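Chain lettering (A, B and C) follows the sequence in which the chains are written, and residue indices restart at 1 in each chain.
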Amino acid sequence: MEPFFKKLLAMDRRWIFLALGLAVIFPTFIHLNLPGLKPSPNVTAVYDLIEGMPEGSKVLVSFDFDPASKPELAPQGVAVLRHLFRKKHKVVAMGLWVTGVTMAKDIVTRSAKESNAKYGEDYVYLGWKPGNFAVIENMAGDIHGCFPKDNDGNETASLPLMKGIHKLAEFDLVVSLAAGSPGIDTWIAYGSDKYHFKMTGGTTAVNVGSMAQYVQAGQMVGLIGAMRGAAEYELLIDKRADAAAGMDAISLGHYLIVIFVLLGNIAYFVTRPRKGGA
Amino acid sequence: MEIFGAWLAVGLTLFMFSFLYKDNPFYKVGENLYVGITIGYFVIQLWYKTWIDKVWDVLKGEAHDRFLVLIPVVIGILLLTRFVPKISWMSRWAFAFVIGYGSGLAIPATLTTSVVIQAQATAKPLITMPDKSEAAAKATEGAKANAEKVAAAPAPAGETTEAKAKREEGVRVARYKYLNARSQSEYSFLTAYKDFTTIVIFVGVFSVLFYFFFSIEHKGPVRVFSRIGILFLMIYFGASYGNTVMGRLSLLYGRILDLKDYSRPMYGCATPVILVLMIAFLAFLHVKNKGKEEEHAA
Amino acid sequence: MIRAVAIVLLATTAAAAQAPADFKVYDKPGDAGGAIIAEWKGLPDEGKPMAEGGVEYVVSLGLSKDGPWTEIERFPGTLHRKNEAPDLFGFSKSNDSEHFIELEGLVPPPGGPWLGTGRSLPTWVKLEVKSPAGAAVAGPLMAEAAPDWWSWNKSNVLLFILFFGGATFWLISKARRDPNIFVRRIPGLDAMEEAIGRATEMGRPILYLNGLNGMDSISTIASVSILGQVSKRVAAYDSQIMVPCYDAVVLSVCQEVMREGYTAAGRPDKYREQDAWFITQEQFSYVASVDGLMIREKPAACLYMGYYYAESLLLAETGGSTGAIQIAGTDSITQLPFFIACCDYTLIGEELYAASAYLSREPLQLGSLRSQDAGKIFIIATLLIGALTAAAGFPFVKHLMATF
């Protein structure tokens, strides 16, 4: 037994990489549809909030992530946008990360096309401006001054949707899908805590722990966490997509990691030098 | 163009993944490209979204206060004097403005959001007293009636499995809302659970704050309390570790999905072709380096 | 009998037609202008539906006492209670039965918007009370909107900043007068001494990393400060240290700090500028290079102090595989779990700053550390008192901490 575990501990780590890679690749070819996906209270809170708003509510969606976090946050964005367009809410999209501008536009445009939303009337994409928290402060006072033109160069004041919106506080809800900072914490510190609009959002798995404090303190309503949160949201809006499909791969990967951790711990205890005499 | 984009995406993805095997020229190309492209993209965005939109177009416009925009432009230029030793002292004024403005904006906001509101949310009664008012009793009755109504509603004919799951979810949600309303007006298991959570958070906040207290020696009761803090910290770090692993796996899945997508003939089978070429090149390098090592050894 | 009925009818009619008491109109306090407030005391039975004797309030505005009047809002007696706006009226129990309405969009005085923003022309406000039995009028009263210099809503945050800032300045000046301020010993620091001793005995070098942030990062400043003390010990023990740097500015600071350390130990001749060198400012290239260094040089101790990103586990794992004793210190919350799993000792978050203050005994660092402890005591006391008073039914601490 001991020689086996010694060999295990000395194993080239690249075999572990390969095993993990296969565990994630396998479900992309064979759909396992593993059971057990149920909406959590935090995700349900976001869904209920959007579902409960009167038709035509004005919602700002901020895509605060770059392509590195796309697998986790893009499905969240797509699911939330589908819900917003289905409820005929008016969507104003933007981003605080420069590297995510084009990607965010792609997500918004595809979701809008799917829902037959009209640009300028049902949704607008403002794009990005530098300054992080300064952008939020600027928008709080005068959105048209902060974004005189949208991402395509149209005068913001000329867009029908933007005619009725001048300040951040006029939005019925702000949704921040964030991979870090600037993100949810920035929107809360410089936005919702100061100008009192409703706030919700989604974040990556790494940041869920840090953002949970805002949910607990009531500074935001619910939180969509990681790809799992996106899968739960897809379940709630009855449209399984990328995230729900990805849960099989994530689950298999997790099972494998748990097995490795257990094996590693057993190997550690079996192979460590014993105290005292033979 | 789309095929070119697919090949580029696959190529760069596989270049970066090749680091898992070992450091190699493909990885170096990918990393340098990433750094360069990010900087170039940022410069272009800055030019069009900041300089053109916020300075050039404003100056060309007709607003009577348009020249005010030159003040922040001058401050920004002063920052650049840092690179000219003789006049670098001017950059201190600009830095002072930036730091002063930044601190003035950031300190109250961060203090409010991360300290005051969090403390306010934590400073609540550890044991919830039931609300015996008429309004609370009415709300409980209403929630109970709704839960019973939803549970008693018959299943419609020809109900699909998905619709059944949704209906059952609705029954569960209505029952939860009733239990929640009931927990406001009488002390129930749910109230006890919420109180337990409050107490755990309370103890956690206190003990972790004690752990990071450096002005007194950690002896006696303080040591015990700070050890509890360490326990909370380790639980958090364990959860954070697990969350990070989940996040990384999600990113891996996202990349693999794209690689699978771009292996289709419509994208010129980008994934398998590039993979095979890379493996062949790395094998060639390996054999070549092995030959060199044997030569040196000899 | 008829007289009694008539008296009752008269009384009922008089009560329903009663104008609300204490009708006031004034400029909204603590704002940038552009709004006025009208407030009044509620009437008995106003919460009932209209048919059962409830009331409806109608608020109208005009630019003169005699009108013309523009109706602004019409609402039942259950709405616009003062308890909905604690930022304006606080948390008094009487707010449950008193009403207010905020009136915006007032007519500004002539003369352009960019100076005198927030001012309005004198505006008259009339309040009508309608009920099934009759109607009554309160006012009209006049007010002008104007911007204010001070916002009372944020006074609690200001007080906290003044307290904390004041404590910081006072404690820094106290540390300047008496640098022997007590800072508790951090376990990782003992391990650092042991690591340096071990490296000397084994004749192998110490590897010291400053993290991946620049000199503007607090953790890098703390790391460089610790490097100064480590260099002093290394010089005293005649050991060897390697400091591969990610940032060029950090490199020059490290070289200066190391030179000072060696000089302070009385061994300036032993200092070698090439002990600290710049590798690259690319994350994984830096990591690959440091990993290669670890495998080749096999340091006896690896010290990771500063801010790290995804490369933390790569560094710690490679260091562990060489058998080195590893001590990490970072305030990067996401990387702490990896360092804790792989390293022998980890300085968690603020412990890194405390270690720097402990070793350097700089008044600025000591004073700041002490003031942070003062802040923690304040928060602990607030939480305790807040929880106890809230449980006793007096949530005044919670109200004091309310932010708007």
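Operating definition for what follows: a residue touches a chain if its C-beta (ideal position, glycine included) is under 8 Å from a C-beta of that chain, and two chains touch if they have at least 3 such contacts.
Note that this is a predicted model, so its numbers are computed, not measured.
By number of C-beta pairs in contact, A-B leads over the other of A-B and A-C. Averaging C-alpha coordinates per chain and comparing to chain B, the farthest chain turns out to be C. The most central chain, judged by the distance from its Cα centroid to the centroid of all protein Cα atoms shown, is B. The distance from the centre of chain B to the centre of chain C, each centre being the mean of the chain's C-alpha atoms, comes to 19 Å. In whole angstrom, the spacing between the mean C-alpha positions of chain A and chain B is 8. For the pair chain A and chain C, the distance between mean C-alpha positions equals 24 Å. Among the residues of chain B, those touching two or more other chains are numbered 112, 117, 120, 122, 240, 244. Residue positions of chain A touching 2 or more other chains, listed in rising order: 193, 206. Multi-chain contact residues of chain C, defined as those touching 2 or more other chains: 333-334, 403. Taken together, the chain A residues at the contact with chain C in this complex read 193, 196, 206-207, 210.
Against chain B, the residues of chain C that register as touching in their complex are 114, 154, 156-158, 160-161, 182-184, 186, 282, 284-285, 288, 333-334, 336-338, 340-341, 348-351, 354, 369-370, 373, 376, 379-380, 382-383, 385-387, 390-391, 397-398, 401-403. Looking at the complex, you find that chain C touches chain A at residues 333-334, 403-404. Those residues of chain B lying in contact with chain A across their complex are 20-21, 38, 41-42, 45-46, 49-50, 53-54, 57, 105-106, 109-110, 112-114, 117-118, 120-122, 162, 166, 169, 173, 201, 236, 239-240, 243-247, 249-257, 260.
Contact residues of chain B toward chain C in the complex are 19, 23, 27-28, 31-32, 35, 65, 107-108, 111-112, 115-117, 119-120, 122-127, 202, 205-206, 209-210, 212-218, 233-234, 237-238, 240-241, 244.
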